[in-house]
Amino acid sequence: MEAGLKFTHFDASGNARMVDVSAKGETVRRATAEGRITMSEQAFAMVREGTMKKGDVLGVARIAGIMASKKVDQLIPLCHPLAITSADIGFRFSDDGRTIHIEATVGITGRTGVEMEALTAVSVAALTIYDMCKAVDKSMEISDIRLVRKSGGKSGDFCRQEPSESTGHKP
Amino acid sequence: MEAGLKFTHFDASGNARMVDVSAKGETVRRATAEGRITMSEQAFAMVREGTMKKGDVLGVARIAGIMASKKVDQLIPLCHPLAITSADIGFRFSDDGRTIHIEATVGITGRTGVEMEALTAVSVAALTIYDMCKAVDKSMEISDIRLVRKSGGKSGDFCRQEPSESTGHKP
Amino acid sequence: MEAGLKFTHFDASGNARMVDVSAKGETVRRATAEGRITMSEQAFAMVREGTMKKGDVLGVARIAGIMASKKVDQLIPLCHPLAITSADIGFRFSDDGRTIHIEATVGITGRTGVEMEALTAVSVAALTIYDMCKAVDKSMEISDIRLVRKSGGKSGDFCRQEPSESTGHKP
Amino acid sequence: MEAGLKFTHFDASGNARMVDVSAKGETVRRATAEGRITMSEQAFAMVREGTMKKGDVLGVARIAGIMASKKVDQLIPLCHPLAITSADIGFRFSDDGRTIHIEATVGITGRTGVEMEALTAVSVAALTIYDMCKAVDKSMEISDIRLVRKSGGKSGDFCRQEPSESTGHKP
Amino acid sequence: MEAGLKFTHFDASGNARMVDVSAKGETVRRATAEGRITMSEQAFAMVREGTMKKGDVLGVARIAGIMASKKVDQLIPLCHPLAITSADIGFRFSDDGRTIHIEATVGITGRTGVEMEALTAVSVAALTIYDMCKAVDKSMEISDIRLVRKSGGKSGDFCRQEPSESTGHKP
Amino acid sequence: MEAGLKFTHFDASGNARMVDVSAKGETVRRATAEGRITMSEQAFAMVREGTMKKGDVLGVARIAGIMASKKVDQLIPLCHPLAITSADIGFRFSDDGRTIHIEATVGITGRTGVEMEALTAVSVAALTIYDMCKAVDKSMEISDIRLVRKSGGKSGDFCRQEPSESTGHKP
């Protein structure tokens, strides 16, 4: 195991704590996360129609995801309360006729990153789609929630490079 | 498309609403959901060690998931506020040395089901694991969040039967 | 002053309290409230267009109002926490080219009425419209928020009869 | 329609988002909003008496309004979370024997204005008055909630000038 | 150690869970808790004066305590969400010129007791007094927070009998 | 009474307000609070065992306390919303075999102190211990919650010096 690597949310005795970030500078930070929900072709078709006509599932899911990005410190025990400065959620219908892709980008000028905010926005948007479609399909699956990229802060930028193991897109 | 199927969260004009469940009887209901988070072997080993010794990632994630199951109506716009009567979260380390399985069961004596509560508990537990391990691995993935079974209520019981498309376990 | 009338939220010494409703039976209750927001003709036109095409102000306001109806006990100090069973919000564009009417109906099977839930849903929906339009018009006004009718419960049904003083619709 | 005016809460495709304010400087900002609630002469007299003796309706409403100004980002979907630095609510009994005027002023040193915080404080204070008086009068009306003035920030100061259409105070 | 006694919030493996109360009947339950805050004579005198004239510290603390009794499930991880039916907080100025006694009673018709609701109401009322007096005295102490009595439910009634060790009131 | 001393949370008319801190500079601030919970020897032994083996009461209480330090502005009416930068909670088993000591330290880079955050963290950690042990002992007492020290900010540092009156540890 690589020396020095540790979980910062524990102190030397293994007790959970909120990491002290008071010495970190305020910088512009941004994080993008993604995920997807897979459903029956019928549910998929109904969501797609609704988005264009009426019964806008994705409009509701977008609001839910944005609102969730403001509640992360209330959901994830050791996250710092953050005054995020932007939040954006996009959806894309896959060609397979069954999958909706979700991408969320959150920004802040602050002392700590916003990857948990982006990941939570994606998760809650997906759960909201599930909720709104569950009368039609109870077998939906939410998958591949992960960080796409993050910038700002001392630890340097991150950009997902390797293909996802779980999507099966091998190089 | 099958006749009669519709998204109950919209009225006839396609406007979102909270479905009226006042006519439904109070019954004992229960729902179980599952999901998994995949991480580097190093992060996995650190979580497994911490659980047994100190730095208990899963203990924190369990609390986060249980607390999230009580906040579903604040996260998912059209969910009813529910007084759930039980919540339980279990974790299992996979033999692949990289995957932690999460399962949550929520119960209620009420007028509507608790599948969103179980799914949200799994999602927030997974996000908490991500948060606590992200200093070591930023490429973790949360996948296969889905309903396993549900009982109680007029619409009958549900039990997931088909293998999951996204895990690749074909029959 | 009519004898016997009193503010139930105070005890005999004038101290605030949450009224004891444990002896009241659970009945089906329903309340409808209304209100309106008046804006410039330009902002009004932009909202109306958006509703039909894109940039759906009212869709967001509807979600905000429904979610607020679930948070009333966290906003209004002496309100009981309630597990509401339905919530619905409708909008109507007035012929004057400047006013949007808002109506919310909330239901419950419970021990106390839901008029505060309906009034809060209308208020927060109106505030959300304000928020979304304020880049175009800062002089909007929210008015005539009031109870339209309520049913269920021991105190009997209520139905607003007299015309509103502030709308100037004298009989 | 004036060219260039647009609702900032939507992107070019009409999708809701939380506007990016990371590039805006932190300045001292302040906003004042007002509103009124009209009730029966009896309820009005009871509130006025209670304020001076016991059963302090306005004291409770003031606390509710101040607390609500801290929850705006949880109520209004696209509002930024803000660390407000001051909040103040005043009440005035009108000579008409039926109307209570409410005024709220909120301040911040931040990247975005606090008009929604002031407007929400007024709205929730009014709703709390309604809640506490509804055993005596169910026909109360909340009206004329609007921004009075705002200062700080790039878009310049705002000060309400024209008389309110809905109060009938024509020049 | 007495046989059979166990912490119900853990399962057989020692994992935290929300205890299943779905099989318990709905009964009328009530719990009373108490506590006290001790401060300098000066701060005490200022609170007492304010209560009678203006600057009502206890009025604000009462509201805070009542509101906190509605948030217990959000504060204490394994508490069930409860729709409490009454909440009442009283204060008493001690003859020692330094101590304010706090007592809270909470009621419910439900499947589980409300002692945590009463204890939390007392705690948050005391913390609010601390907050409002801390400009004058930073050495205040909150003590003797405990359950006084509880009724309803299968486990029988509880009534505190022994004198408190920490108040020094020996028999 | 010393001249000039006043409760800052009231204006000149005695009305509650959130104090204006916009003119205060952002400095690094820190506050430490403590408290204790006393229980039967049996409950104490069970907590101590669980901490080392399984059924970790203090691990859950630590998470609850840290999360509560992020919710202070929602609990204490006139507290400012704060983006705290660190939170830490420690427990110590007393030699008396009945008392668990709790200490919390919270930090911020901000315009106002965090003593309420530290005191609230201690209170909620203690309440959580109560909740988790109440099946075994209903007579527990939470006492001696007080500020230990605070640093940063214009009013100078504070360090508790005198022995606590209520613990009876006279010099």
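All chains are identified by letter, namely A, B, C, D, E and F, in their written order; residue positions are counted from 1 within each chain.
One rule holds for everything that comes next: contacts are C-beta pairs under 8 Å (C-beta built on N, C-alpha and C of every residue); 3 or more make two chains touch, one makes a residue touch a chain.
Computed from a predicted model, the values in this text were never measured in an experiment.
Engineer: If we look at subunit B and subunit E, which chains touch each of them?
Structural biologist: Joint contacts, listed by label: C, F.
Engineer: Show me the overlap between the contact partners of subunit C and those of subunit D.
Structural biologist: A, E
Engineer: Among the chains here, which has the CA centroid at the largest distance from subunit C's centroid?
Structural biologist: So the farthest one, by centre of C-alpha atoms, is F.
Engineer: Could you state the distance in Å from the CA-based centre of subunit D to that of subunit F?
Structural biologist: 33
Engineer: Which integer distance in Å separates the CA centroid of subunit E from that of subunit F?
Structural biologist: 16
Engineer: Taking each chain's centre as its mean C-alpha position, how far apart are subunit A and subunit E in Å?
Structural biologist: 38
Engineer: Subunit F: which residues touch two or more other chains?
Structural biologist: Those would be 15-16, 56, 59-60, 63-64, 67, 71, 74, 77-78, 81-83.
Engineer: So which chains end up touching which?
Structural biologist: A-B, A-C, A-D, A-F, B-C, B-E, B-F, C-D, C-E, D-E, D-F, E-F
Engineer: Quick one: which bits of subunit C touch subunit E in the complex? Just the residue numbers, please.
Structural biologist: 11, 15-22, 73-74, 77-78, 80-83, 110-111
Engineer: Taking the complex as given, what residues does subunit B use to touch subunit A?
Structural biologist: 1-2, 5-10, 13-16, 35, 38, 42, 45-46, 50, 53-57, 60, 63-64, 67-68, 71, 74-79, 115-116, 119-120, 123-124, 126-128, 130-136, 138-147, 150, 158, 160, 162, 164-168
Engineer: Mind listing the subunit E positions that touch subunit D in their complex?
Structural biologist: So the residues of subunit E in touch with subunit D come to 56, 59-60, 63-64, 67.
Engineer: Which residues, counting only subunit E, touch subunit C once they are in their complex?
Structural biologist: Those residues of subunit E that touch subunit C are 28, 59, 62-63, 66-67, 69-71, 82-90, 107-109.
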